[in-house]
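First subunit A sits with subunit B, and in the next complex the same chain sits with subunit C.
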Partner chain A sequence: MSEPNHFRRLMLLWILASVIATPLVVVLLGPLLSPGTGSVQASGHQTDTTVLAGVATPVLLLVVLYLAYAVTFFRQEPGGVLEGPAIRSDARVQTWWIVITSTLVLALAAFGTVELVGDGAGAGEGPNPAFVPSGKKLQVQVIAQEWAFTYRYPSYGGIETPHLVIPVDTTIEFHVTSLDVIHSFWAYQLGVKADANPQVDNVAFVKPTKEESFSIRCSELCGIWHGYMFDTGHVVSPAAFQAWIKQQQAVFAPVVHDLPPYATTYAPEPSGRGS
Partner chain B sequence: MVVAVAVFGALIGLYISVWATQLPGAVTAPTSGSGSTKSANLTLETVAAVGPVYSPEHPDWVSYLVQSHGHWVHSTIFTLPAHSLVHVTIYQYDGDSGLRNPFLAEVEGTVGGVMTVDGKTMRAINPDDASHTFVVPQLGVFVPLVGVSSTAKNPCSYAPCGLSFDHHTITFTFRTGKKGRYRWQCFVPCAAGTLFDFGGPMQTLGYMDGFLDVV
Partner chain C sequence: MSTSAASVAVPQQPLWRRLIGFNLLTAVLLGIGGYYLGWFLGHQVTGASYYYQPEVDESDVSLLLAYVLGVVGFLAGLGFLNYPAARLLGRPPSLREKEGHGWTRYLGLCTDHKVVGIQYLLGIGFFLFIAALNAMLIRVELLNPTPTFVGPNQYLSLVGMHGTMMMGMMTSGILGPFANYFVPLMIGARRMAFPRIEALTFWLLMAAGFILTSTIFFGGFPTGWTGYEPLNDQAVMGMDSYIIFFALVGVSMALLGLNMIATIVTMRAPGLTWSRLPIFCWSVIATSALMVLAAPTLIATLLMAAFDRTISTSFFVTAGGGSSYLFENLFWFFGHPEVYVLALPGFGIVLELLPVFVRKPLWGYRLAVAGMLGVSLLSFFVWQHHLFVSGINADLKPFYILSTEIISVPTGFIFLCVMGTLWKGKATFTVPMLFCLAWAFNFLVGGMSGVVLSDAPTDTDLHGSFFVMAHFHYTIVGGLIFAFFGAIYYWVPKMTGLRFNARLAKIHFWTMFIFFNTTFMPLFILGIKGMPRRVVTYATDLVPLNRWVSINAFLLGASMLVFIANAVYSLVLVRRPSEANPWRSKSLEWQTPTPVPVNNFETIPVIDSDPYDYGIPVGGHTGEPVPAGG
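On to the complex of A and B.
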């Protein structure tokens, strides 16, 4: 019996599996990928991850199928020769492998860059953000301290509150800073993650697209209560936001005159007991 | 050689496990009433130095103490009933050092949004006068504790501090929620000599932070 054309068989198997699996991954798994679709930026993350998963699926299948094929068809017979034929290089295969993988990686790098340029991707961009979404924005300052986040709204008298509530369909300009050590502000469902460094104004943009609650966590190990540095934020309608901010202004009126003037960073005193 | 390394590794692991799981004993606050009228009384004191009796390892560390059966106990884990009012009395013996974030000078999350300081009802204090805070972030309870003046004539050096020493008496009431473990902490940088004064007793259970075990 003549030896079958293993390469052709493997390629056919691979193409068939890829044609079936890739659309399934994109259509069925894609919408389940994190962080969801709570904001323009979060949706962008999900799209990016879906594209990555879609591109990775044929690559993964090729590796797994080749392994399975080799184990199945190139298995040594019991009592057969102990040593197989010598492995030789194949310039054609090597060239194709380099061309295909390089193309994939470079294409994904270009794709990721375009996505980042569009809206900042919800990432902390430092004090001078390069990628600024157009249109009107609501500034919200995130102040991290050991071990809680508080929030200031400069366009509403600079009030500070321990709650984060933002209006839907509005571009939010987060200014993230810290009063002590390094923290990191992570609003998971919004796709926002920005380091909170003392004396640094780290700007991140997000445009929430649906009214929902989102979890907030510190994602930088910052001390004994790091694991408890979490909170729940809320995206609400513009009308509900206006009502909420008015209520917060009333609740925190007794302390508002003690707050420092709004600034992008703070060097609070005391820096230590007795200083 | 291999056995020696394994034994040494196991001993290190055991030491770390014991160290990491060492918690002060929980103190149950006395309760009264039942059902929706159930309430608990939690009596605390803050001291500038916990003293060698309560903490031979760190006698100079600032600390909270809790009262249990008429005695002061060195613990910051308090057992409280769920969905109940908790009447808190804090005898504040420590001096002021000020808040790094003045926002925390306002009382929030207590019944009526107020506390009393030496019998006077207050909604906020001067942030510079803060000595400590009692904050339970998960319950939204924020209470700043005003410090004893630096010109006090009879300050308390080491715990336990009796009422004859200069102090402020702070009272407030808050409501617990569902059963669970809630952390509480001080937000004033009061751990002198550590990074941002937030090390040592601020990062060691049993001194300036702990848990409310709501059962």
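On to the complex of A and C.
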């Protein structure tokens, strides 16, 4: 009995499986792997996730098929005393493996970087953002505290409201900060996440493209009611936004003068530490 | 070096007489004494009232002092101070630590590396069980989307206990039991380089484990295993248990790593060159380097946190001019190497075991070594990927994307070596072999999901979600714990001279592998659907998936009971002796008699090849099966 050409069989199997599975993953699974297309940033994440899933599929298949193949063919009966071939290495295989894996990860790193530098990818970038989308921006401050989010609109008299409403097709410049411990502002459908650190102004950009509601959750453990720190925000038409903000200004006008003047961070008094 | 004292029979004394002296009973009593002394001194120093006031800094002073003096008393009771005290007084040092016989030597200070290895296995196994029980309770709570079983406070305590205990105790999960026991045997040494330090690392870890468990008496801690500031500063006294626990674990880790490196560098038998060193020992070196370099950062960070909590310094408290970023940076500078401390020993176990079961030499030895050392080195350059959305150093994100992606290249080396070793092998699917294959699958899923997290744009969605949780459970449970059980089934027959029941072992493997995947695979989906970590409430549309996960988690827990049943049945009740070398391994540890004599080797062996001398020369390979030795 002559030994079959395992390498060729495996390669054929792998190429066949990859050719079938990769497009399926990209077309069917890709869109399910991210929060959707509610903003330019979220759509960017979806592209990114789809590419990663597409690249990962053949790699996963290679190893899994190899393991399955090895388990099926490279075996002997329990208690057998056969010995395998004493192959200790193969310089060619090693070189190819190193070249291919290195190329792959460098390409992925480059791709991720390109996705990131355009608009910051919706992530918190600290007080001096390095990756800033172009165009006019609407500033919205997100103030986290144990255990709620409130929002200030500096371009509308600095009013503070417990509701987050933002206009569609406008770049929003979130300024996220905290009054006590570390929280994290996560607007799921928008693809935005930025930690709220005490005394830090953490800026994140997003340009919503759909009029929809989005869920907000705290994604950094912040104490006993962390699990209850959620909220729903709304993306509305610019006209509806103007109407809403006017109404909010009217509602909260009586308390505006009690608020501290708008600032990027706040130091609550007393400090909250034990005497 | 004379160790002949070990073979001298100890005259039997009455039981009451044996209870007096340096032993576990004395240790517990002195530990309790030290604890109350510290508690008393703390109140004297701060002038605080003795009423229970969990939220004031003065209570933290008392509790921290109580823990520290308790640990000192505990170690003194075990006899750890006898040697330094004797040397200080100019007396000849006692060598008694090695003398014990019978099962009582497992209950005290013993410097025999084989005793310490078994102590570690039992001690770590105990805390693994406690931490796994916490996970079960967490999953009971998550059966429903609102708190029904424990309140949010107890829930956070459970989450914190589970994570901290697992991360802390399992850092030594493989190095403690298996490296301590087998590294000297594999390198042809009679002992570890520093036997007393070896025993100390174990007893420190046990003291730490009980201190962490005691947090339930002080209100628990709300921060999870990361202990982020300023929540840490805000928390009640239970947080002090976390601080002392992790600091002691840090000391234990650093000493363990130091001892391992010293042993492997200086005590190899003649002829055991670096290129003949068993690959498991290389993984121990790579892990130990991380332990020695990363643990001190943790200890220093926790010391600063303790000062913030007690004497109102402001290293991490913004209200006093500190920075919560500083804590995150320091913590993850330790924390990322820490997760590779958990992963690397698994690489070593799998590559060490595979050649035995496929009857082939390890494929790509040098590549495997390069892979381990590469992972070890690179793991110090990736920590800020944990902080991609924190707002820190946003302009450095491309660097951390790159460094994190690159770490998959040396990890890929390990996979190539696994695949190369399997190539045309003659595998028999014993239970340890099955665990190695399962490792390959699990770690592949864990690693590939890590690539998605290393990409800053996609990490924006997934950071802090259940996706991350699924990812690191695939690498740590799927990687470390599967390798840990593989090592148990492979080596415990050597450690005890007894064999496991094969049928129960297979049931354990298959239930564990299946239910592990059915538990943790859906967590990726939960993360993608937007469920944050460490929440006691979740969206109602996630109820079915969460219930599925909980039920499978209970089944995974049940598979652990199969293991415990097998261990009790095979090693305690039935006690069928194992063959001398049931796997026909050519590694040095299997060439020693069972039980291994106190001095391991009568004459130090001379090594003339690596331990992977399996298989038939390729030139003579015709494709026909050739019996062993042919």
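In the analysis below, the second predicted complex is superposed on the first by the 264 of 275 C-alpha atoms of A that agree within 3 Å, B and C clash if a C-alpha of one lies under 4 Å from a C-alpha of the other, contacts with A are read in each partner's own complex, and residues count from 1 in each chain.
Following the convention adopted for this analysis, a residue touches a chain if its C-beta (ideal position, glycine included) is under 8 Å from a C-beta of that chain, and two chains touch if they have at least 3 such contacts.
These numbers come from a predicted model, not from an experiment.
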item	value
Touching partner for A:Gly79 - first (subunit B), second (subunit C), both, neither	second
Contacts of A:Leu106 with subunit B and subunit C, given as first, second, both or neither	second
Touching partner for A:Ala148 - first (subunit B), second (subunit C), both, neither	first
Touching partner for A:His6 - first (subunit B), second (subunit C), both, neither	second
Which superposed partner A:Ile224 touches (first subunit B, second subunit C, both, neither)	both
Touching partner for A:Val181 - first (subunit B), second (subunit C), both, neither	both
First, second, both or neither for A:Gly158, with subunit B first and subunit C second	neither
Touched partner set for A:Pro254, first subunit B, second subunit C, both or neither	first
Intersection of the subunit A residues that touch subunit B with those that touch subunit C	180-181, 223-225, 228, 271-274
Parts of subunit B lying in touch with subunit A, wherever the complex brings them together	97-98, 100-103, 105-106, 108, 113, 123-124, 126-127, 135, 137-138, 140, 142, 183, 185, 187, 189-193, 195-198, 202-205, 209
Touch list for subunit C against partner subunit A, complex	55-57, 152-153, 155-156, 222-224, 226, 228-231, 233-234, 312, 317-320, 324-325, 358-367, 387-395, 397-398, 401-402, 405-406, 408-409, 412-413, 415-416, 419-420, 422-430, 437, 440-441, 444-445, 448, 451-452, 454-461, 463-465, 528, 530, 532-539, 614-618, 621, 623-628, 630
Complex contact set, residues of subunit A against subunit C	1-3, 6, 32-35, 41-42, 44-45, 48-49, 52, 56, 59-60, 63-64, 66-67, 70-71, 74-90, 93-94, 97-98, 101-102, 105-106, 108-109, 111-113, 115-117, 120-131, 176, 180-182, 184, 186, 188, 191-195, 197-200, 202-203, 215, 217-228, 267, 271-274
List of subunit A residues in touch with subunit B within their complex	143, 145-148, 150, 160, 162, 179-181, 223-225, 228, 231, 251-252, 254-255, 258-260, 268-274
